[in-house]
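Shared chain: subunit A. Partners: subunit B in the first complex, subunit C in the second.
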Partner chain A sequence: MGDKSLLHWIRHAFRLWAVYARMDALVIMRSLGTMATWIISDTVLNVASIMGMLLLAQRFDGIGMWSKYQVLFLLGYGSVVDGLMTTFFGYNVAFISRRLGRGQFDHTLIQPQPILLSLMTEGFNPTFGLPTLIPGIALIVLALPHLALSLSAGWWLLFGVNLIASTAIVLAFQFAWGSLAFRAPRAAEELSSSSMQLIVQLKAFPLDGLGGLLAGSLIFALPVGCVAWLPCRALLSISKESFAFWYTPLMAIGFTVFATVMFWKGLKHYERVGAQRYSNFGFRN
Partner chain B sequence: MRILRGYFKTAAMAASGVLGDDPLFLVNYLMRFLRVALFFSLWRLILHGKGAIAGYTLEMTLTYTLISEVCRDLLECRTWLEMGFWDGSVSTRFLRPMGIFAQFAAEWTGSVAFHLVAFSLPLLLITPLLGINPLPANPQAGLLFALSLVLAVFVGLGLEYLFSGIAIALRLHPYVFNRMRGALGELLSGALLPFAFLPFGLGKAFAYLPFAGQASTPLSIYVGSADAPRLMALQLFWGVTLWIIATQLWNRNREKVIAYGG
Partner chain C sequence: MSESGRNATPTSDFVIEVKGVSKTFRQRQRSEKLLDAARGLFRPTIREVHALIDLNLQIARGEIVAYAGANGAGKSTTVKILSGMIAPDSGEVRVLGMNPLRERVRYVGRIGVVFGQRSELWGDNPVAASFEWKRVLWDIPRDRYDFMLGFVKELLGLDEFFNSLVRELSLGQRMRADLGLALLHEPEILFLDEPTLGLDVLAKRNVLRFIQDLNRERRVTVMLTSHDMSELEQLAGRIVLINKGELAFDGDFTRLRREFGERRVLLVETPDEKPPQIEGAKFVQSEGNRHEFLFDGGQVSIAELMEQVSAQTQVLDVETHRAPIDDVIADIYEKWQASKGRGALPENAK
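Right after this comes the complex of A and B.
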């Protein structure tokens, strides 16, 4: 593998994404009933999860310093991050503790390609991701005309960078916690499920009214604030600091380094002890 | 008496099983605490200095949110009946000399008791430190709340029995079903937001749905903002209606139910 160029692996990644997208479409289209059930339920679920905050913003014409349309943008941004996670890291890649806890990581290790490439491609499922992604994009599109923003190319670039950074933070958080399943496969199998639930349930809250300790914990320890609140404060000019655009990308670098160390250490442990249990449940096979 | 002892033992096993079978319950407690803390901050952000809005002061709203979280396991009434049918584990329950739904309800009672002691009680005790009054509006409201809570469980279990029956009859995937029910139920029941705060008159419409009897009715009685006798009569009506419909549904789908997931 060492003699292959970076360009080769990038091409290979696109080929794999195409294969997985096709497989994903085949799974969901095997019956009209299955397709309708998944699309409708995922759309209803995603809309319902932000509906409370949306109704509050409508009733009180905003929340604290956030106007109604700024809240709409915040919720849309959070949903798009959710949608990107579902689209690119489905099939228990984001829920990595399940793969590790069920002894399925050997499937990844025996493939003749870098582990990173496998993890970046195996979870690609655009058909399942769309019901989460589309409502989020719709909310942003609805909010933008009502916000006093100059939507320059630079703003869109920062929007993209922050969006990728937020997604990277969620993934890194999942991997950092999920790596515990290398050491305690049974007890930590569902850890990613709990940590993802934490992110999904709390991502829509503006953290402005919280005390320093709690707000700090929700940014640096459990990075709920980095999913939408922190980047949206910068993108919507609620935070006046010129450096605010870079808080989330910098946090993403920090969390990614931390998650890589945690995962690498877990992998070293796994090399010595291997998997004590195996279940093929939930793996893309 | 002997039968009752069976259910009690089942509940006790479920309560102790939380520690062994679900080692992540502490992470879930952390999440629940953070969520309620965020709601407290949200209400302070929105209602601070605004006086009463739609009959709710900031203090009443904070108490409403606190009691909603304290009683959450009771108000949600999730027995995971449909999951037992989906994975086939229900088959062993047919061998026990007890009713199927009653077994699930007994297990639910046990795990609720555990969570009430391990999470709800400590939460209730620390909230005065966060500046929130955990007490009911007055002693009468407290008494009516207790009665309404019993009716809420009656309605909640009726809804659980009915919806599980529908999920099984339609062969819905329990993962899809649970996620949808959880997200919609929280909003429609008033557990997330008091109905008085919903725009477009949604609150008035939601108040007539059976879900309201699960959370909104007992919680609004607790904070003293409700016409208790009328709402409790509505709870009773929905409870009886739901149980009749659910029983009919299960009887009509008996053969399909036996085959499902077994």
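Right after this comes the complex of A and C.
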């Protein structure tokens, strides 16, 4: 952190978010055509990605022990996690292997701020994130009146905590895998895309009924279960365990520690070898 | 640019101190044979590439130093170490009294880095947005920002494209904008890695003038790498040559020419298209009755050469000048390559 206080860096982060938000808006507002095309195509893409599960839930009036509206909530929750990822960690922060593999991490190293702060702020693009975030919120809003939930302040607080935890898990998963690009830049350049694809494709599936080994691996190894299924079981009272609300936050802590260790080790390796290749592809343009 | 236009001899402290720095990269060897490749999966053959060997270097405040060497000589490794991107294996690096890697956050706020092939600008935004981004990220006080923005805008002529999208700029405009961006926080040292790569003659001249003005007016220390030796000679008072990771020469260009032979060009015009035979000079080419020779001014005088020519034919015109620095350096690189090893230079050249 250098010789500056934590408060200084927190203020600095907010100033940076404001700058990135403005720059993001400027990109999309280049022309009315660009703006309309981007919003429409992203919205269609996001709605399409959850449509299969939605239709199944509608056709069979739910899936397994999940009612139709619980599935709707699950899909909404998963989309909001996606939206938060796109909003806060866009611009190849979530796809960290691309930055590392293409030698673009050098740009981060010449910024006079902690690396963590660069990574937490540089991917902020709310304008581009909204088309993912809004459909997710809409699904939740649609589902909630049909769910017998007592929406107390405590519930909303746990909802928020779980949302942040799910997002942290996705980010940690991306960084844990993506850190391999420190060691094999070319081979692992697109690793983050594959791991993200895995998350996006499987996040909407209720995992109830799966065998212990398979369900366990989809929670502890490839944490797709933590993106929506596990937290929604708690939030929708499908799980009756009183501690269920804290499964996802605890998993988030575990994954974050693991990802931090992986990234730190990668960074140490980078200190020794640096980047042997450079491609500006996808970088700020 | 005249000799007097070069940066003044520094009189103050050293801002860059490199002591006994070595850096070795391990490179896995590959074979075109499948069997070798399969064997290499378990028992890889590793070659050690010595990017830097016991490098010692001191640069004073306000100097412009040209850092040159053939491809793979270790230039970029040095710049990366000095920029705090990678760590040396051994030795000590102090820049502005700091360890670039361990004190990265504080350190990079006081230096500027420009890579000719990389841009810090945001492609989908107007140039102005990148400057504003820099102001916030580098935490530049508003009054200093306004002052420096005016300064770089004027010197680099940024106004004409300041509100254009970065992706729509020409290469020269992009480089000017990148240079301006690198200077906004008033860095004390500027590392420029191939800053004129791909620029046309005019853009190149503008960039060079800017670096010179900057050095003169703000006393910014500049360390730049380039393959264009004439450009380096115009700009820098001092040249550091590295060869296969070792410091091979550290001094000014005049001394460089002297150490490696006062290579000169002789152009003789005679009535004949056949070139005269001159002992002590190497024939290069003829264009009609105009013949070009190369000779070492330290070994043989022009008078001696002309005496030989006059004995053979009538001399209609004669012209002599120093060989371009690129030729001198090319000769040096050639000698180094031929030597296939280190330590090919006399000790006093280092």
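Going forward, the second predicted complex is superposed on the first by the 283 of 285 C-alpha atoms of A that agree within 3 Å, B and C clash if a C-alpha of one lies under 4 Å from a C-alpha of the other, contacts with A are read in each partner's own complex, and residues count from 1 in each chain.
Here is the rule we go by: contacts are C-beta pairs under 8 Å (C-beta built on N, C-alpha and C of every residue); 3 or more make two chains touch, one makes a residue touch a chain.
Small disclaimer: the values here were computed from a predicted structure and weren't measured.
A.B. asks: Is A:32 contacted by the first partner subunit B, the second partner subunit C, both or neither?
C.D. replies: neither
A.B. asks: Once the shared chain is lined up, is A:221 touching subunit B (first), subunit C (second), both, or neither of them?
C.D. replies: Neither partner.
A.B. asks: Quick one: classify A:55 as touching subunit B (first), subunit C (second), both or neither.
C.D. replies: The first partner, subunit B, only.
A.B. asks: Is A:213 contacted by the first partner subunit B, the second partner subunit C, both or neither?
C.D. replies: neither
A.B. asks: In the overlaid three-chain picture, which partner chain does A:6 touch, first (subunit B) or second (subunit C), both, or neither?
C.D. replies: neither
A.B. asks: For A:201, select first, second, both or neither according to whether it touches subunit B, subunit C, the two together, or no partner.
C.D. replies: Touch partner of A:201: subunit B, not subunit C.
A.B. asks: Which partner does A:16 reach: the first (subunit B), the second (subunit C), both, or neither?
C.D. replies: In the superposed model, A:16 contacts subunit C only, not subunit B.
A.B. asks: Examine A:109 and indicate which partner it touches, taking first as subunit B and second as subunit C; both and neither are also allowed.
C.D. replies: The answer is second: A:109 touches subunit C but not subunit B.
A.B. asks: Sort out for me which residues of subunit C touch subunit A in the complex.
C.D. replies: Subunit C residues touching subunit A: 25, 77, 80, 83-87, 89, 101, 103-109, 113, 117-126, 129, 132-133, 136-139, 165-167.
A.B. asks: For the complex, give me every residue of subunit A touching subunit B.
C.D. replies: 37-38, 41, 44-45, 48-49, 51-52, 55-56, 58-60, 63-64, 187, 190-191, 194-195, 197-198, 201-202, 205-210, 214, 218, 222, 224
A.B. asks: Could you pull out which subunit A residues touch subunit C in their complex?
C.D. replies: Against subunit C, subunit A makes touches at 1-3, 12, 15-16, 18-20, 22-23, 26-27, 30, 106-107, 109-114, 270-274, 278, 280, 284-285.
A.B. asks: So in the complex, which bits of subunit B are touching subunit A?
C.D. replies: Touch residues, subunit B against subunit A: 23-24, 27-28, 30-31, 34-35, 37-38, 41-42, 44-46, 172-173, 176-177, 179-180, 183-184, 186-187, 192-193, 197-200, 202.
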